[in-house]
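One chain, chain A, appears in both complexes that follow, with chain B as partner in the first and chain C in the second.
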Partner chain A sequence: MVMTSAAVPGFLPRAGLDRLLDLLAADGRRVIGPTVGQGAVVYDEIHHASDLPAGWTADQAPGSYRLRQTGTERQFDYAVGPTSWKHETFPPRVPLTIGRRVNGQVTFEDALPAAPPVAFLGVRGCEIAALLTQDAVLARGIAVDRDYAARRAAALIIAVECVTPADTCFCTSMGTGPEVTTGFDLAMTELDDGFVVRAGSPAGERLLERLELTAADPGRTTAAQDAVAAARERMGDPVPTAGLPARLIAAAESPQWAEIAERCLACANCTLVCPTCFCTGVTQVSDLDGFEATAERTWDSCFTLGFSKVAGGNFRPRVQDRYRQWLTHKFATWWDQFGMSGCVGCGRCITWCPVGIDVRAELMAVAPPPPALKAAVGIIEPARPTTVKSVPPAASAALLTAPIPLPAVEELPPTYARTFVAERRRETVDTVTLRFDTSDPDLLAGRPGQFVMAALPAFSAAPISVSRFHRDGLELTIRAAGAATRALCELRRGDSVGLRGPMGRGWPVDAAEGHDVVIVTGGIGLAPLRPLVDALLADRTRFREIRLLYGARSPADRLYVEELSELAARPDLDVGQIVDRAGPDWFGRVGVVTGLFDQGHLDGPNAVAYVCGPERMMTATVDVLRDRGVSDDRIFVTLERHMECGVGLCGHCQLGKSFVCRDGPVFSLAEMGPAFGREGL
Partner chain B sequence: MVSGSQSGALRDTWFGARLPEAELGRLQAHARSASYEAGAEILREGDLTRDLGIVVQGRVALRLRVPERGMTTVLTVEAGEIIGWSAVVPPHRSTSTVIAVVPTDLMLLDGAALRTELDADPVLAAAVYRSLLEALADRLTGTRMQLLDLFSQHRDEPW
Partner chain C sequence: MTGAVRATIASRPRLGIMKFASCDGCQLTILDLEDHLLDLLVRFDLVEFAEASSYRSSGPFDIVLVEGSISTPEQAEEIVRIRRETPLLVTIGACATAGGIQALRNWADHDAYRAAVYAHPEYVESLATSTPISDHVAVDAELRGCPIDPGQLLELLTALTVGRRPQLPDESVCLECKRRGTVCVLVTGNGPCLGPVTHTGCGALCPAYARGCYGCFGPREAANAPSLARWFGRDGRSDADTARLFSGFTAYAPPFRSVIDSLGGPPIASHSGEDA
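Now for the complex of A and B:
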């Protein structure tokens, strides 16, 4: 009997597997599947059924993986190993663009490789969930990773249901397995003599037809279902997930994080083996002469020290900050961002943790379920006494609560608009303002508070706030602080640079209509506020009193000195300046920027505040603003976070439910809630 | 310096406005006003601080001498704020050099007389010390923020 219907499973004898592989090869598909290599079952290219790990399984435990022979002919009796399908759909290194720079002129060309047809053989339920999870992040959001989308579209998914879970598995708790119910083209369940096969897509149905299988008899179908059910039974429900996201967020200040950090090596193994972790950086691979460089998208990890590094320092210097970031993103804020869990319960992070940290146990230690639930499900207890203390309710509010409006679709790799330096003006000893001429409609349509990614070949693209918009161009004020910004500062008139943007959500100018406006800033923080001042003054009658309070390190460190004098001379604008230290030739104020509030009246309940500066300066300013009666929904701050992509795909600037690059960088305090100024976020 | 025994109204200052009425009258007797030209030195670091001053109008700079850098202004004091707290707190030596950066009017309270009054009158002492403590706490908080040097350049950056 020939199978033609997706509704009726077929039976593929074990000896028929090569026929399946031949059909896939005939379709021009490279087949990736399980094989024994490097002492583990890994995913690699499969040419014949004999490449599969027949008779092999692996014993897995926290920090432990050992291959073991089973003495059977079964080819899929292992639980997932160290590799995952993201190696194929989201490779560790992908060239994005090739940039060239000759005689001050830059060009960028797309360097994405082709995505030839491929078939994944042996995809587990948890792994399908992982693919769907990365789809949501990389291909279904408002920004799309083109390389990922192409590789996913080129992949045929042949699932093999898991009947041999490892002791580290918890797909049952995460709702991702062991049954395969969605996201596949073909699904097979292994029996001793072959496979029960069903189709899950038109492509799978066509393949099934060409396999010309006999229908699986009811005995085999039942045996297959029983085997999967037995696997489910064996795993139980080790991680009670009901209410877990809220419990985790409530535990943000738990002492348990520091305890885990004593064991965690921050080695990033967990994020590398995780099939959903998607954070990337951009690495520049340069010619020796420096004229040409390929920008490569490379896997990154929130466990690395440099991951959250920014111009002023590092937002997560401690291992406990980084572990908390990873765990709360996976199990809590991923829900806020993508409507799903970031964990699929595959257990890889448990097995491949060199010190055997068991995420199941840590979840229960950091965010224990209510006693009744705990008793009902028989959870895995940490293998050591816990020191969890109760967390005050103040810490329990959601990190970022307000809905975030979404900007337009963006894509990776980026396309840069070649833009020429029209004017260069030195502001301070290490800061210059560059004026660029451009006719790029996107760049010209920017709004106050937005930023651009500025790219020079061989240097990391730098996120730079636009410091002024012109009818035919824009200005960037750049401090030479690292290699890329130094190179940007050295640009001369006529040189070109790649600009992309403007990006992010800027200052809400209209929010100030009919209100007093107070703008508080320090150092280079004045740059992103300058277009706001321009916008307010361009439509001056819409606003009541406007005060600009500016702090700097010293008089010589102030930006736009002449412009500030001109502004100060205006009758319709109150400008206060203060510096941290000064020589005897300075007749202005010395002290902290909040000291400027002491002079002059501030009608707090009627005021709107815009604040930009180092986060510690902003928290001090916010304290004063709140004290004067300015409400949180009228205090706007701009956050600085590490940004590699600028469109919410690289993961670096994730904060609560937001990507700062995409959903910010401007937020109201009401939107941020307790996340504002909190250590380690 | 132009100085006179004829004082302005202490009650019109931030410091005076917080004092109980009876005590205000007594302190007023020890108050006198003084005016300084821009650039005038009001106090020198290390010298005896004879008076507690309240800036009525103008701006003064508190400066420290750093031999290799010269005089560095670490704080300016604006109208309504106090200078010369060391007139009240031992060892009564000025912790900075105080310069009028613009024409400045001060109200000065004689330190020795003020200390005598404070020793004799716990109610006055409570009011004066509280005001002083608030002013100094504010200054300490600000100094800490300046100590963080938040706007300084970092050379170890990702971009």
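Now for the complex of A and C:
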């Protein structure tokens, strides 16, 4: 009898499955695997092999899933169902922090639950790719989702290769299956009488040894390989992915989006069944007194209206905007963000769309491949048996070489730094400037244009730009635009608040070295530019002429009024101010901020511009700047988006290929390309 | 009474709970908040509560929760008066927010119905329509549902006391199905479901019991009811049967109303077909 080793696959007779489950239980692992429930094969706790869906499969089509009995004993004869492993690694609701506020003083306490050991049984190739994809997003970026990383590290992956793809599957096109090649601890392939088993990690090797299997004979090994190869052949290559990202981006203004919106319900099912979609929001669960609130990370979706809400507006009001965001993110901008596709080809969004919208068909309708390619692969009726023998793995196969993650990336502080109000100044009727004392080294190390998340328990955290840095603190200028900002504006001296940051990429100060500088801003937009002005003046000789053009609705709506007069009195700075509506004691200019450009000469080709204000003011300003010859790589704007996490983990602030929080909020126009000013993005 | 206690009481908002044409189910939901009722009474000065006590105050109130639809001329005048005197008016339940099940009469011949039901129809003062409160006066917030969800009610009251925006997301029921791990009944063939076009808030109750959502929270933002109706009609369901699916407690809410109209009106007289 030959015992298996790491290099030799073993054979696990069907009756031996319970032994595997017993070993996992002895290791203290909960086992999650497939079982029949609610009319589908779902992932749930597995105690005995008899819990597995023996003799069950399902017929899947766009918008339809029907269980069916096969009459065999096979336990893994189904294609992926409505649940995905993200229910375990990235649960729908996770408590993040508990905040308390008593007598103006706040405390924040970490509330993350522990991640006990678990084993996933029956993970498919596409699902391993999905886990690796979420690893890239949640555990390998500049910030790490600690809950995800802990749950992922606690999970043992027991893959079962797929030999029964559904009509909705297209892993072959996405290069993620049906073979299992990486990212697993144990991999099994089912045969009529049992499983061919191999190890893919040291933990898997130890488990395989403890199973004491006989080596799989060549007949069985070959049968296993053939079964998977047959599955690949059945699927063919239903989605021609060559050049797909570029094709989709080029189709941004296609009339097809509106046609899809006629059918799409914006119900969000596709995003929630998707094993890679990671967008979340933070919900506040507070007691009746408002003294204590738990902030919970909750599954969210780019299909809801609230997702892209900001105070006073919404960036994706139309369903076509939302569908475009989803599809282009999955298949195009994900590449820019993470170097891989956001789709693994599992087909869940096709089956579980209540009105059967099929991404394969929509991709081909929105972004058809060049005619030659179309003829070669015979698309549009996807996933029918074809004779295509071997399909070159799609580019996203690159991700499959990633090892199981051990996130050791530098983390942001998990909770908020308690920071005290040292001074409060009223700026306008609805705006105050708060000066905070802090010794937090991260907060003090911020740069002009960066922002912080300001949190009061029970309120949603608000992104607020730092409006001045001090050696021992910082200032925030806050307009009461809604509930959270109103509560922040009501803070008094000595009260405390939680601050996290600083975040984002600030204004590139060095870009202005040796150039003329023009700063154009409106309303509260002056706040994030104030530290830039501070920085320029602190090192005045490095820059040529500096102009600050400031527009406001009325004289009383201007921020930092005294400071502006002092600045205006300086010989080395030119300050222009203009208001929409003058008051009785206003002797300055009246009109919109672009009107100030007619004063003085702007040496466009030699100038660097920094712009912040309402979206419409920014587009008008950009038009003038371009007109005067300022090049796009020297025009910097800062953008406002709905933000929840501030560190590139929650997806809310996405704009094309960027996360505004992480990659911005400052962008040069050259970086943004056509994304600047595009409707519904 | 110490100064501190008096200050607390003075800061308690005066709360009124009133009803128009309705079954009182939503008010019962308030009474069912057993564990929180005492807390609520500390936080709010419950001046008037139609279901709990026959006491009628003359107001004024800081906050009024209104149950029921407007279905008589008297009610139409009364709601205008209440609105005038109330800084924060919140409608609760399908009747107040959409007209309720009684709004099915908006499609019927009112006089014929009245004559058929009452011996002396001339004594019955009623309008030809049952309409939501928002058809008559501006509304500050809505709690949907038939009946309302106790969790949402508590969230609203909590948010009001803390001064934050209540979290009453205007999104589909499907998000809750997915978060709680309910398998979609529409896709598995366990029945037609209005969840995709229905406002969330119930916690996706019906699908969790393996039956479709019947839309008691009413249409959500961007409710694409025509698309869902086309899908329902796809495998041979008749227009009348599809119309019946939308002809429930919130039938009169505009997105559902227009779909019902496009399918030939609500099949009010009952005939065979599947359970809506």
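Note that in this section the second predicted complex is superposed on the first by the 642 of 681 C-alpha atoms of A that agree within 3 Å, B and C clash if a C-alpha of one lies under 4 Å from a C-alpha of the other, contacts with A are read in each partner's own complex, and residues count from 1 in each chain.
Rule of thumb we're sticking to: a contact is a pair of C-beta atoms (placed from the backbone, for glycine too) under 8 Å apart; a residue touches a chain by one contact, two chains touch by 3 or more.
For clarity, every value in this text was computed on a predicted model and none was experimentally measured.
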**OP:** Considering only the touch criterion stated at the top, classify A:Ala462 as touching first (chain B), second (chain C), both, or neither.
**Re:** first
Original post:
Thinking of the overlay built on chain A, is A:Gly591 touched by chain B (first), by chain C (second), by both, or by neither?
Top reply: first
Original post:
With the two structures laid over each other on chain A, which partner does A:Pro92 touch: chain B (first), chain C (second), both, or neither?
Top reply: second
**OP:** Kindly classify A:Gln225 by the partners it touches after superposition: chain B alone (first), chain C alone (second), both, or neither?
**Re:** neither
Subject >> Touching partner for A:Trp299 - first (chain B), second (chain C), both, neither >> reply: second
Subject >> Contacts of A:Gly37 with chain B and chain C, given as first, second, both or neither >> reply: second
Original post:
Touching A:Cys267, do we find chain B (first), chain C (second), both, or neither?
Top reply: second
**OP:** Considering only the touch criterion stated at the top, classify A:Gly482 as touching first (chain B), second (chain C), both, or neither.
**Re:** both
**OP:** Answer with first, second, both or neither: which of chain B and chain C does A:Ser201 touch in the superposed model?
**Re:** neither
**OP:** Kindly list the residues of chain A that each of chain B and chain C touches, one partner per complex.
**Re:** 306, 459-460, 482-484
Subject >> chain B partner contacts - residues on chain A that touch it in the complex >> reply: 306, 309-313, 430, 459-460, 462-463, 479, 481-485, 522-524, 551-553, 557, 580-584, 586-592, 594-595, 598-599, 613-614, 616-617, 620, 642
Original post:
Touching chain A in the complex: which residues of chain C?
Top reply: 36, 39-40, 43, 154, 157-158, 161-165, 167, 169-172, 174-175, 178-190, 193, 195-197, 210, 221-224, 227-228, 230-231
**OP:** Quick one: which bits of chain B touch chain A in the complex? Just the residue numbers, please.
**Re:** 38, 59, 61-63, 69-76, 78-81, 99, 101-102, 142, 145-146, 148-159
Original post:
What residues on chain A touch chain C, complex-wise?
Top reply: 37-40, 42, 63-67, 81-83, 87, 92-93, 261-269, 272-273, 283-284, 286-290, 298-299, 301, 304-306, 319, 351-352, 354-356, 458-460, 482-484, 486-487
